[in-house]
Amino acid sequence: MRPSKRAADELRAVTLERGVSKHAEGSCLVKFGDTHVLCTASLEERVPPWLRGQNRGWVTAEYGMLPRATGDRMRREASAGKQSGRTQEIQRLIGRSLRAVVNLEALGENQITVDCDVIQADGGTRTASITGAWVALRDCIEWMKARDMVSGEVLKDHIAAISCGIYEGAPVLDLDYAEDSTAETDANFVLTGSGGIVEIQGTAEGAPFSEEEFGKLMGLAKLGIGKLVDLQKMAIL
Amino acid sequence: MRPSKRAADELRAVTLERGVSKHAEGSCLVKFGDTHVLCTASLEERVPPWLRGQNRGWVTAEYGMLPRATGDRMRREASAGKQSGRTQEIQRLIGRSLRAVVNLEALGENQITVDCDVIQADGGTRTASITGAWVALRDCIEWMKARDMVSGEVLKDHIAAISCGIYEGAPVLDLDYAEDSTAETDANFVLTGSGGIVEIQGTAEGAPFSEEEFGKLMGLAKLGIGKLVDLQKMAIL
Amino acid sequence: MRPSKRAADELRAVTLERGVSKHAEGSCLVKFGDTHVLCTASLEERVPPWLRGQNRGWVTAEYGMLPRATGDRMRREASAGKQSGRTQEIQRLIGRSLRAVVNLEALGENQITVDCDVIQADGGTRTASITGAWVALRDCIEWMKARDMVSGEVLKDHIAAISCGIYEGAPVLDLDYAEDSTAETDANFVLTGSGGIVEIQGTAEGAPFSEEEFGKLMGLAKLGIGKLVDLQKMAIL
Amino acid sequence: MRPSKRAADELRAVTLERGVSKHAEGSCLVKFGDTHVLCTASLEERVPPWLRGQNRGWVTAEYGMLPRATGDRMRREASAGKQSGRTQEIQRLIGRSLRAVVNLEALGENQITVDCDVIQADGGTRTASITGAWVALRDCIEWMKARDMVSGEVLKDHIAAISCGIYEGAPVLDLDYAEDSTAETDANFVLTGSGGIVEIQGTAEGAPFSEEEFGKLMGLAKLGIGKLVDLQKMAIL
Amino acid sequence: MRPSKRAADELRAVTLERGVSKHAEGSCLVKFGDTHVLCTASLEERVPPWLRGQNRGWVTAEYGMLPRATGDRMRREASAGKQSGRTQEIQRLIGRSLRAVVNLEALGENQITVDCDVIQADGGTRTASITGAWVALRDCIEWMKARDMVSGEVLKDHIAAISCGIYEGAPVLDLDYAEDSTAETDANFVLTGSGGIVEIQGTAEGAPFSEEEFGKLMGLAKLGIGKLVDLQKMAIL
Amino acid sequence: MRPSKRAADELRAVTLERGVSKHAEGSCLVKFGDTHVLCTASLEERVPPWLRGQNRGWVTAEYGMLPRATGDRMRREASAGKQSGRTQEIQRLIGRSLRAVVNLEALGENQITVDCDVIQADGGTRTASITGAWVALRDCIEWMKARDMVSGEVLKDHIAAISCGIYEGAPVLDLDYAEDSTAETDANFVLTGSGGIVEIQGTAEGAPFSEEEFGKLMGLAKLGIGKLVDLQKMAIL
């Protein structure tokens, strides 16, 4: 039995609320249960120095957590003077995942930065971030289309992410904090709307896991991401 | 005529929503119109090194802005590796203001950190922060009282803040961004519930101002803060 | 009775010594009693990036304290690797105050940086800095005039600053360290030569203060700044 | 055809040279072809603050690259003042991988830090690091055993790592730089000697990949890691 | 002919003014011509962590330059966020030089930090710093003696420093900036009052120099330092 | 008797191995006994901003130590976030020494950065670095010559360095760590192939030393550097 009483293949309640920022070109407040992440997409009509003059754009991401998003207050990274390794690892993952479904040539010499700020954390902040970031990114691209800033299809597919893990010996979908902190194995999957794999990260927290177990986690992930992509489609109707 | 059509002595729509954080001992989402600040109060049962062994507590504040809280995306301070002078100035002000109404002896050897994170900015983030921070702080102290962690009156009074300015020649209350960016004079007032002055900061952005003008700004501030304190009282009913 | 035996409306001995730096375009060693600040104005024939091409100049300030300017040695900020919030707050104040009396268009695309370095501290370092910085700035502008680098009136007025406070229940002018560290209320005023207000910062260190008390502090400040402006005029004769 | 003419399932020439450091308790110079990494294991008889008093030890890793380990000189991280996100990601991975085969209770209150410094890079630095780090770690633990500092089995199994990828449409083992920079998919596998999975990281650099493709990569990885573990066994004979 | 018209073996006008700081336990404003350095000695009744419990004290030094001490304004190190290599090199030299004449055992578990802050620079700031630092250090030790904080002889000898160089082919003593910036060879000597050598640093700025030339520089240095030690003796009469 | 049984004027076994890096334009692994330094010379076809447009090149150096190059593991500078004063002092010395024998005009607008990374330390890392850096630099310049990137003689002479010291009362050549940590006096000499002096650094670690003692150290240095230059000549045959 999971602490949340969910079935093994059951997502938390997921909501994707668009247009939550007065200023950003695209935005989405994504909730995976008690995990709440504000995603904003910001357009800049310039690209990083190493990309100049190539008629291509760039999509990048930054990730942060409010100090009291967690059970115990964490030190503010701006005050500590640097981002933790975990923060950098997550924001690199979000950026890579988004770029996998963007046609950078079609974007022109523009950069979109998606900020994913965790307002409240209860496990799965990186997967919620990717899932919500796609919505913010999509609305930013729509904003550009409405202003004839891009032509052709910039966004090639949906992208969404979910965690799976082995909790008390059983494979389960969408770990919350109570599960995540005791799971033997934790895996994050990033898949496109058409089912292509973009990123897999599996880690044995306790004992190593087998190929068979990993196969079951991937099965759950495909199921869950299918549902997340459906929710993205409904959100942008 | 103000851009927002408000009367000269009219506040923006102000809301104070309590209990918005699953984890924090006290929290408040404060809105002054389109300025939205999430305030969380975090209790730690220890004090800074310089205060140890004195049977007194401490209240401090940190302030941050999400990168796209503003019209143009600003660089994330955690990524820049340091907090700006403006950020430090504001968080020092919030901390001083809160301490002015706290009986630190009654708090015992505990520290409360109030984080004020600007989710969306439209002028007046520091005044909204102080006004909301009081609510978060108050709920944190109530949380302690319910657990017999403090005795006696820890919180001596309300504290709230408002900005006033001279906009197109006329003194107005509660500047929004459109006014703030063109106001000739900008002043922030921090007052207690009983009308005592805790902090005054007045700055001539353009031409110097006169003592008479300053008197009018203070009159507006007293009016506005009276209303904010009423809203605080209603919020904690 | 004040520790220094001064009358309530009496300044410390103030001196403004010009031309103390072999290299700087303008310089002034200002003393407010035992508070000694070396102010140098440095001209650069370029402006910050965000101001380029606008035919306007810029005036900015930096503030520092020698490690043993104070009773106990403080950590050197260069060694700590960052400037404190207090330092940044003060240098922003000095810069704003100076710009309030400078015609930036008349300055052309030049930047003047005024460094205020506290050689010895005994309270009131920011007010002494502003008062002396005006003299250094003025001599730098004269230096430019003598080389036909500017035309028209660059400097619109005098600017000077003083602190006032409520010490043992009584309003007093120009707090020294002994008073500053125990004053109930501390306020800094920055006024122009013609009496216009440029900046007011009032803080209740203990109990909140009343509007009436604040009025008395402002009265003292106007008196004191009048004297400081007279001293500036004598210094530049 | 691979640039190196290797068969699809062929490792580069791998060597593991022990005892290369005069000072370290354990050391190994590992070469995967032209990728050379110096691994040193350093023993400290203390643990991080958060682990004190728990009768358990800790194993951690740091990773670095000499500035000219690569084709173009990279900026020295010590001079830049911070470690890149990539560096932090890799050193966290190495540490997690090693801890997966260490009995931390049996280690006692000791910390072993394994430094993996890339002397020359030609792709696969993180997998070479993990494979060599195990040898250095093992010799450090032997050093402790010889001094009766640990009892019982500290090291539970071998650990080794290899990259696989899809290069010009075909799954290949152990990517070198020429392959890595153009591969469509890149995956790193960390497995124990008994075949348990400790970490999987798969990333689509270009088009998303399928579950079937991923299965082929895992098959190659199991083959390659089997050979690496054999080489580790021969190295410590 | 030297730009300053000085003879080859002639020092600039040197003054050592004691007691210039209201707060420091020892202080000296040293002038070597237009090079002015404020030296303050600060006593702390504790030692660095690595020296605790050894019944020995420590003497250390920090060095800084006001931003406009030089002909062109330099960036403030506190604002840049780090001390330059040159700064660190100089402060390490000053500290080593002072420790060479201090009996650290006799100092007890106390630390003296000598801050050398260059108010105005015209070449030779490090040699002026060492020469003035000795005076500040000596007065700090006298301050301790007067309070029975030390017993026995803490200060074993005088220490002073001077630069020599080869300027337009001729060996000269005490280089000023005009000479220093074009000298072919620049050497700094730190000697005790009894003529022992504590530190020699000789650098060929242009062509390498010969042993014979170096011998002449050392001869000048011994002459000059003899005079500096005489001035120190007169200063402390 | 020296700990290593060497005669007073005997170098450690010195080897200079060229071409050790697959990527660098010039490289040398230098060993002075158990002190091993990897020197790589990297060519960039640009110069620092302050040198642009002057038809001159630049040679600079960076120095680093692997964390476990030493008997106790030292903190990684990249992780600490800054280079120590010692590191900066050494890399400045290496750069100055190399530039003393380079004709920067003949180099054209190119920069060569020589990285000296200490793989294993046993005293004398800076002198080994300079000696090996010359070989790496020379091969880089040969690389340029072979591509007609430079004309005329870029390299004017050999440069090499050695330490000498007074160990247990006797002057000895080429201190290893056991000697260096207890030597009364430590001096580093940097000389050209033709015997010109480029840099002398002599420091009394304990009692001051005399001019006569210093003369003996210089005599040993000239002998040792003569041998090092012979080894450089043999290495590049």
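Every chain is named by a letter (A, B, C, D, E and F) in the order it is written, and numbering of its residues begins at 1.
The rule is short, and it goes like this: a residue touches a chain if its C-beta (ideal position, glycine included) is under 8 Å from a C-beta of that chain, and two chains touch if they have at least 3 such contacts.
Everything quoted here is computed from the prediction, not taken from an experiment.
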item	value
Required minimum of steps from chain B to chain F, each step between chains that touch	3
Between chain B and chain A, distance of the C-alpha-averaged centres to the nearest whole Å	33
Euclidean distance of C-alpha centroids - chain B vs chain C, Å	28
Centroid spacing, where centroids are CA-atom means, of chain A and chain F in whole angstrom	50
Set of chain A residues in contact with two or more other chains	81-82
Direction chain D, origin chain A - full chain order round the ring	A, D, F, E, C, B
Touching residues on chain C, where the partner in the complex is chain B	82-86, 88-89, 91-92, 96, 100, 187, 191-192, 194-204, 207-211, 214, 218
For the chain B and chain A complex, residues of the former touching the latter	21-24, 27, 34, 38, 40, 42, 44, 62, 64, 66-71, 73, 76-83, 87, 113, 115, 117, 119-120, 122
